[in-house]
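Labels run A, B and C following the written order; every chain starts at residue 1.
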Amino acid sequence: MKPRVAFFDFASCEGCQLQIANLEEEILDLISIVDVVSFREIMKEHSDKYDIAIIEGSIMRPMDEKRICKIRSRAKILVALGACAVMGGINKIRNQWSAEEVKREVYGDADIKDNDFFDAFQTKAINEIVPVDYYIYGCPIDRDEFKRVITALSLGKKPEIPTYPVCVECKKNENVCLFELGKFCLGPITRAGCNAICPTNGSACDGCRGILKKPEVESIIEILERYDLTYEEMKSRSILYNYRKEE
Amino acid sequence: MSKNFNVNVEHVTRVEGHGNIVLNVEKGKIEKIQWQVPEAPRFFEAMLRGRQYTELRSITSRICGICSIGHSLASLKATENALDVNISEQTSLLRHLAINAENMQSHILHVGYLAAPDLFGVDSVIPLVGTDHTDALLKIIKLHRLSNKMSDLICGRTVHPIRLVVGGFSAVPTEKQLINLKKNLVDSIETTKNVAEVILSVADNIPDFTRETEYIGLSSEDEYAFYDGSITSTDTGVHSDNNDYKSIMNEFVVPQSTAKYAKHARDSYMVGALARFNLNSKQLHPLAKEIANMFGLKPISYNPFMNTISQVIEFVHNIEDSIKIIDQLVEAVIDDTEKPEKINADEGMGVGIVEVPRGILVHDYIIKDKKCLHANCIIPTNQNHANIQKDMEEFVPQIIDKSKKEIELNLEMLVRAYDPCISCSTHYLDVKFV
Amino acid sequence: MWGEKSDKCLECSSCTMVCPTCFCYDVKDEVSLNLKDGRRIRTWDSCLLRDFTKIGSGEVFRGDVRERFRHRFYRKGNYLPERYGFVACVGCGRCGIACLPDIADPCDVMNDLSHFEKSDYTSRFFIEQKTETKDKTTIHVPRSATIKHMEKLTETEMFFEIELDDKKSLCHKPGQFVEVSIFGIGEAPISVSSSPSSSPSFEIVVRKVGNVTTKLFTMSTGDKLGIRGPFGNGFDVKSFEKKHLLFASGGIGLVPMRSIINYVLEKENRKRFKDVTILYGARQPSEVLFMGEIEEWKKSSDVKCELTVDQCVDDETWSGNVGLITTLFPKIRLDKYDSKNTIAVVIGPPVMYKFAIRSLETLGIPDENIFVSLERRMKCGVGKCGHCQINGIYVCKEGPVFNYCQIKNLPEAFE
């Protein structure tokens, strides 16, 4: 029996789901190996019976929390799709300030106090609310990686997500290292799997797939000095997708 | 007639983002019609606070997955206006190509995957596989793939572009790649015509509903405006100062929506493909004009359902326009080593306005010390929310005698016709950072 | 010195990626979205990456970045020169440019190294290879084979009898291994558990740890597999003749050991060897493998067999020994002559070697009479892809059977 797959989204831009629609003709292959029972963005059909739930977006409000818990209880396997679901992504930048502060800034004096729609807390990744079985990284996800994960799940094997940095793929593409061109690139410490798409297009890596290992501060400072870059810029760029509260 | 029923569509399907339709009818009387927007607010304005000017376009592109190129461009225009950057002619042409690509991608997705199923009487494109309509579906997929390949080439990636940077492009396509792209575009014209004919064959299923309202978009003397133009209204004409967009786009908060509503000369107005058509139809390229005639669409059309048809027309126009631009670029001999222009100031104020697939988009920045101090974004879809509400209020009485299922379907079709991008629209504001 | 430099290492592997003489590679199975076709592709890999030496069970053999950093320089400056006769660095300087913390330049490292005392154990990194590959055409392309028989031995171990589809015998030596392919899933190195004379089919035992092994568990008799091999050096049985033999296996180590045990105990072969003693220790009674054969060995007058379990959980019935395998060694009586004339083979989990070898030394068995079989990540099986290296030795080619003398001083051999 084909596995039943359902897609859900929370606070996100839906770009990762769009990437799946961007599989073009291969969508027909996809629906031949799995049964897509729910995909709100392109289908009206919906079923509450599914084996694999694929989630995009972060959790922002109590009503979102309730919804993800219900989904988790129905699914055998839960896959977090994209940076927002996997680790909070860009949604976590606002965690630098309290939820109250942010709401006041955005909605001003408007009366939103007892309104469930507006009841936001600090952004959370999916695995901060429910257990996640597999992660598909990236902002947005890489289509080829998505295909690899789905085929692996269909074949009953564990999907292989790289544990090595972007430099491996960047060098395989024979790119000139962006540090040599005066840019600060987070590639050396960011997870690979995207085929180094940003450095290959001339734009330094922003770490959207997650930082692998935090290097020693002295090492970073030395590198920055050698290439004439500022610590401030590095700090600013590394918050974009990988914001973590300093403990 | 005494009818009691409720229509409660939670999270309308086949639209981008989360919207609810609520309709309560008691004893034949309409008690409540509401278009709700429960989309989780992501507080983008907070994200932009204090960020480097180079990062703004990356962050704002994440407002939406489908119109990410549009957001990046509006952001770049605003940043460049603030920091006094003059882009080259080549960059301008390439950006026109980028916007065409995005428009094509978004429109074919909407027409083919989101709206057409209703016209065919199915719940999604999936049941069409293996039927007589498989050919049409494959053609739609082919056009979608072409649009994406075009975005991939110009911007590096279609969702969240990479090559669009302040002052230009981080990497430029080669002449060979552009010529190949042109060939693909020319080859696709036949397919596009076929798809238009298929849509025409089911166009009778489009409800015949009109409501007079205001239409706002960009217009220009030189071209069908997407990248450059002046804010124009069907009621008040061409607006002289783009920087004074606030006098036209007046926003206000309503409790049933995390997105604000907007109004100008009337209680609501509409933006998007239909608005652009109503304002710019004279500048359509020849084949696009032919397709417009085929559907019998003439300005000013007050039927919101025709937004979908306008998208088909724009798609054709975008193909013709792109072919023209590529010819221009090749003739001027494209320089694929051109580097982005440098900034000439550390601070300033700038407004960037572009037409994205769903309507007119405004980004307004105040930058100090190369960091963003103040950000204001007006999103197309939140300018449409008020219009959707008003349309529903006028439409429901006209279809109140139909079955509950049919009313539900019709209301959903109405929402889908607007091609709303709801997650984008929950970001708008006026924030001062001190 | 290694620590000082490698502390700054970002483990980005840029140095190996740009190096013109680096040739380590990985092999992956790619499956199309329709699940009907796919490819097996070869991609560059790097010894600087942490998961380079990771095996199915998750164990990593060069986990510390210091070890990996050191390995790269020794490989270019030591192991490859010894094997092929020239220094494997051409001095292009790409690694030095590519390295962000600037620690990769071989000149800097070699110059620093020269300050240290020259030790003379470098000559022992290389082992003269004695294996020849008989049929060159099948090294990389798997041959089709069928599962003839399957039997569950324990919760995590499954026994398979496999026959090549061309009906030819595997022609393996005891101690060798094969690479088992399931297309679309991958390939795994598995020791051959049967004696060569059990042709034409051969036997393997698989423990469920990773993708391939888990998939094997779900297969049935009659299903097809791909087999490459046999690879490895196997036991040099000629050198065992006229000697006493002592086989000490722990846990799953009994599987490869069984191939040499059954070979030795065969009627035609038995008289070539003197006394045979088998010691086997499992963790718990439920994890004992091949209980049936063990019973036979125990009953036989030809061979002495002792069995133990590390511990016995309450609800299992067990009337035999309880205790680590080291508790079995005192049961052997060897006088001075006998111990000099005894060959011992030890196969088991990494943690077992240290203690077992100490027990053997207590019995008076000299180091050059002790043989071990080591496990590493064997990918290509023919000494090319680089994953199985222990220092300069390819475990798939110069091993997996090693004489203890050859490797007792190798820094990475016994963790």
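Operating definition for what follows: a contact is a pair of C-beta atoms (placed from the backbone, for glycine too) under 8 Å apart; a residue touches a chain by one contact, two chains touch by 3 or more.
Since the model is a prediction, treat every value here as computed from it, not as a measurement.
Summarising the inter-chain contacts, the pair of chains with the most C-beta pairs in contact is A-B. Using mean Cα coordinates as chain centres, the one most removed from chain A is C. Centre-to-centre separation of chain B and chain C, using mean CA positions: 61 Å. Chain A and chain C, compared by their mean Cα positions, are separated by 39 Å.
Note: centroid distance chain A to chain B, computed from Cα atoms, is 25 Å. Counting only residues that touch two or more partner chains, chain A has none.
Within the complex, the chain B residues that touch chain A are 11, 13-17, 37-43, 45-47, 51-52, 55, 58-59, 62-66, 68, 109, 113-114, 117, 123-126, 129, 138, 141-142, 144-145, 148, 156-160, 162-163, 165, 169-171, 253, 255, 257-258, 423-424, 429, 431.
In the complex of the two chains, the chain A residues touching chain C come out as 23, 26, 29-30, 32-33, 147-148, 150-151, 154-158, 160, 163-165, 167-168, 171-172, 177, 179-180, 187-189, 213, 215-216, 218-219, 222-223, 226-227.
Looking at the complex, you find that chain A touches chain B at residues 10-19, 21-22, 24-25, 27-28, 31, 36, 39-46, 57, 60-61, 63-64, 89-91, 93-94, 97, 102-103, 105-107, 110-112, 115-118, 120, 139-140, 197-198, 201-203, 206, 233, 236-237, 240. On the chain C side of its complex with chain A, the touching residues are 7-8, 10-14, 17-18, 28, 30-35, 43-44, 46, 49-51, 97-98, 100-102, 184-186, 210-211, 214-215, 218.
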